[in-house]
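Each chain carries a letter (A, B, C and D) given by its place in the written order, and its residues are counted from 1.
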Amino acid sequence: MEILILLLALFILSLFLGVELITKVPPTLHTPLMSGTNAVSGITLVGALLAAGSDSSPLLVNGLGFVAVTLATINVVGGYLVTNRMLAMFKRK
Amino acid sequence: MEILILLLALFILSLFLGVELITKVPPTLHTPLMSGTNAVSGITLVGALLAAGSDSSPLLVNGLGFVAVTLATINVVGGYLVTNRMLAMFKRK
Amino acid sequence: MNPTVVSFIYLVAGVLFILGIKGLTKPKTAVRGNKLSALGMLIAVIVTLLDGDVVNYNFIIAGVLVGSGIGAVMALKIQMTSMPQMVALLNGFGGGASLTIALAEYFSKLGSAPESFSEILTPVVATSSNFGSGPEGTIALVSIGLTVLIGALTLTGSLVAFAKLQELMKKSYGLPGGPIGNGIFLVASAVAVVCLVLNPGNTAAMVAIVGLALLLGLFLVMPIGGADMPVVIALLNSYSGIAAALAGFILGNTVLIVAGSLVGTSGLILTQIMCVAMNRSLTNVLFGKMAAGGEVIDADEIYAGKVTSAQPDEVAMMLEMAKRVVIVPGYGMAMAQAQHAVRELADSMEAKGVEVEYGIHPVAGRMPGHMNVLLAEAEVPYDKLVEMERINPTFEDTDVVIVIGANDVTNPMARESEGSPIYGMPILNVDKAKNVVVIKRSLSPGFAGLPNPLFAMDHTVMVYGDGKKAVVEMTTALNQA
Amino acid sequence: MNPTVVSFIYLVAGVLFILGIKGLTKPKTAVRGNKLSALGMLIAVIVTLLDGDVVNYNFIIAGVLVGSGIGAVMALKIQMTSMPQMVALLNGFGGGASLTIALAEYFSKLGSAPESFSEILTPVVATSSNFGSGPEGTIALVSIGLTVLIGALTLTGSLVAFAKLQELMKKSYGLPGGPIGNGIFLVASAVAVVCLVLNPGNTAAMVAIVGLALLLGLFLVMPIGGADMPVVIALLNSYSGIAAALAGFILGNTVLIVAGSLVGTSGLILTQIMCVAMNRSLTNVLFGKMAAGGEVIDADEIYAGKVTSAQPDEVAMMLEMAKRVVIVPGYGMAMAQAQHAVRELADSMEAKGVEVEYGIHPVAGRMPGHMNVLLAEAEVPYDKLVEMERINPTFEDTDVVIVIGANDVTNPMARESEGSPIYGMPILNVDKAKNVVVIKRSLSPGFAGLPNPLFAMDHTVMVYGDGKKAVVEMTTALNQA
């Protein structure tokens, strides 16, 4: 339970930090922000890897894991690349 | 060790949050910020209470605890009151 | 690997995500920020692969290869004008990933996975202790159920959003009963989650959750108008972030908590920014149609006999005389892919000594910052893109405003006519300028479906035609002058 | 109480501290923020008292009563002009508290506390296992040693800062050898910490740490000039924050970590802001005297025959004709307690239709925001206090600047004369105004010890005298005109 409180503390602090940081992002960068955070949410890939790579489990689990890895990878790779493409276009005079 | 990592995570996030918040404080409020954070640092009062109120321990410990409680309370009470006095003066036209 | 080291590396990945978002707070540091964030992802993935729990690399290698290929092709081929669709699609894939991960987790913990469809519906003997000891097992089950629900809903909801933005689906369909019908669906899926938690071996309940949530995603998003899709996407993205953070709680994984919270707050804040910029509540966006408006506004009455139109070369003469011109782009510029043409027109004007700026409304186009990305693609420097609050006071000193494919965001009814459905929405006050040129194909309304009195004003001229074509003609005329 | 509940309540206290600092980011929400922060403190204290480890309330009640009394009297009696001293003193008490807590912790874990002084120096048999099992014992010992060191150093350092600001101590004393002498002291105390860790029962080592650190605090701060005290205080405050956060690590206490980190970053950021505003590095503030300057600047040469002086009533005539006046206050306004008089002068001018603003340099006075607090006390609304970056471009359109008790922050040498010790420090460009009135008692220099060419300029007049008296006379003359 001690650990649960610490995780809760971490969660709350991350939310506060998120609010402070995101409200500082200028409107110009709102589209890259959307695609960028989309890529970050692909962190579920970590869970997908564990599912796809687990040992003895039935084929169904590995199959679902394969689908999960594929989808999460699209999310991550596509998200970061397209964000990078957009951001590279922003130039000061 | 797991717990130590979590505490470290909490520490790092608090530092990030601190930087974001403090840099947003306008120069007008820098003096109250100094006295206010001074009061917050009186949170060591928590430790002082444990030292002064511990049971069997020798008188020296309780005596040190008494001094600690006194000093920390001055810090806390003085800090919050003076900050409040200052802040109450700030008015918009 | 030593679990402390693993946890520590996950924490490093979390810090990299924070630095990534911090980088996005300034255009100068944004590219580096995005790279730091990607590095965080890479580190998290590598550490997971090395962590010992992963033994079977076949499926992983296959999935990563297929996924990277698809992702890279999508990211590099997509046109900047289609960015909203791209984000919708990626968001859908994210939802699909959450859904399948939670399903895999469920069946792997259950121990006996079904081999055929009829077997799926046969209950298995299992208790919550399969999922963890004591209350943790129950918590894990609840989180699996909720993740499946949110994931499935995000998957179909985002796909509908994609279809609407891509104009594959133009009409709106909803459940009979509207919000009530949706409510019944939601309650039904919640009941299925409860069944699953009470009887973890009841695979049929799991199938029911998946089915209900997939349908719910469809029905929730289908009635919502195309231009409101960004709100839906931001909201779904925020849900997926919160879901990831919850998963972090279960696994005691710091990086999931940090990354999930950042995504969650980002989605919520963007949603709120959009709602404020439209002066509508979130409930109104999701469940209401736009307010019906006191009286029906008759477009003919507003426009009849009062609209002046002009040819591009006439406009070019106006532009030549101007000292200061503001360009106000909208959704139509994206539709016409006119951003490069617009930049060239601005270049020509500047070559003639005209001062040119761009006035950007926060919800112009089909996602926040949409216009900024398009104009950045056309190499317009970002310090020329001026936000609404800062450009509005300058319209009085502006000789010509060129409105290209924008409509609702310039509609003076939002400021003046109290009964109007968009009343109170902050707009670009282009009507305060000395002359207004509006480029669009017809007098047809924008997303809000309202006539725009701006078009009928004395100092406004309409240039009918496709946005790109009209702008190119203006540039040619201006260069010859 | 259930330990989970206790941890949870500590977390709530931490959140209240965060909300408190968040409140301080806007003048409007600042009072509420401070109250939330105080509420957090109250909650943390109550929960500690109820937590079961506390059984002996006598010492606590005595300490809280005495401490509250002293704290309240100090807070309510102190004059706003003496705020820097007050902060220094409070900071010293904070350091003293850390010191005594760590000592109490040490002797209580040691088991056998000494009864007389000679006994204190007699080693006791003890190992690090008294302080925790395995590596945790060592970590706890290191942290006790460091807390004692930082606490003692903060105590004496802050007291010296107090004495300097209160002008009880005017001269500077340092260790022979300067930084090297201090370095030797620091190394010696570090060695004592190591001895303590290696042989926890060696109470003499603990006494050595205390003594060395107390002396180090004295010697570190005594050579530093009075006006640099705010930097020292901010830095010491930041150390005490970091020390609290470290203690949080040992105790696994979230509120200590959160509160400590907030205080730590606040101190560091304020330090950095001050250093940037003075264009000096932190090392220069702490160890250097101000740069010696290429050539010695001869004050007589600058001032000889070029300084014009005027009487308050002559200035009043100038003010009556002015359209726009900017008031630039400095340390001298605090010394003269002239803030109310200044507000009345501004009121009189405004009654005659003059536009009045205040130009506030980030390091005017003796702590960041010092001038803002004083003028707020005199009920000047805070939107009239304009920061350096925003007021500087307006001086060209300003008819009269009244400089009251400010000196270094207006010195044009900082902008123009490359050899000068303050070259590069951003200043208020008051010399760009049409007329400058400087109120001070003499031509003597400010903190930096430099002559100010501003005083010798053609469009500058000096009004010699105490700040308050001169301003009151101006107001009287203006009201009679």
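For this structure, a couple of remarks:
Just so it is clear, a residue touches a chain if its C-beta (ideal position, glycine included) is under 8 Å from a C-beta of that chain, and two chains touch if they have at least 3 such contacts.
These numbers come from a predicted model, not from an experiment.
Among the other chains, the CA centroid farthest from that of chain A is the one of D. The chain pair with the larger count of C-beta pairs in contact, out of B-D and B-C, is B-D. Inter-chain spacing, taken between the CA centroids of chain A and chain C, is 16 Å. With centres taken as mean Cα positions, chain C sits 43 Å from chain B. Per-chain CA centroids place chain A at a distance of 36 Å from chain B. Residue positions 18, 252, 254, 258 of chain D are each in touch with at least two other chains. Touching of two or more other chains is recorded for residues 2-4, 6-10, 13-14, 16-17, 21, 24 of chain B. Pairwise, the chains that touch each other are A-B, A-C, A-D, B-C, B-D. Residues of chain D touching chain A in their complex: 3-4, 7-8, 11, 14-15, 18, 252, 254, 258.
Residue ranges on chain A touching chain C, taken from their complex, read 3-4, 7-8, 10-11, 14-15, 17-19, 21-55, 57-93.
Every residue of chain C that touches chain A in the complex is listed here, in rising order: 17-18, 20-22, 24-28, 30-31, 34-35, 37-38, 41, 44-45, 48-49, 53-57, 59-60, 62-64, 66-68, 70-72, 74-76, 78, 80, 83, 86-87, 90-91, 93-94, 96-98, 100-101, 103-105, 107-108, 112-115, 233-234, 237, 240-241, 244-245, 247-249, 251-267, 269-270, 273, 360, 362, 367-370, 372-373, 376-377, 379, 381-385, 387. Only residues 1-2, 4-6, 8-9, 12-13, 16 of chain B touch chain C when the two sit together in their complex.
If you check the complex, the residues on chain B that touch chain A are 2-3, 6-7, 9-10, 13-14, 16-17, 20-21, 24.
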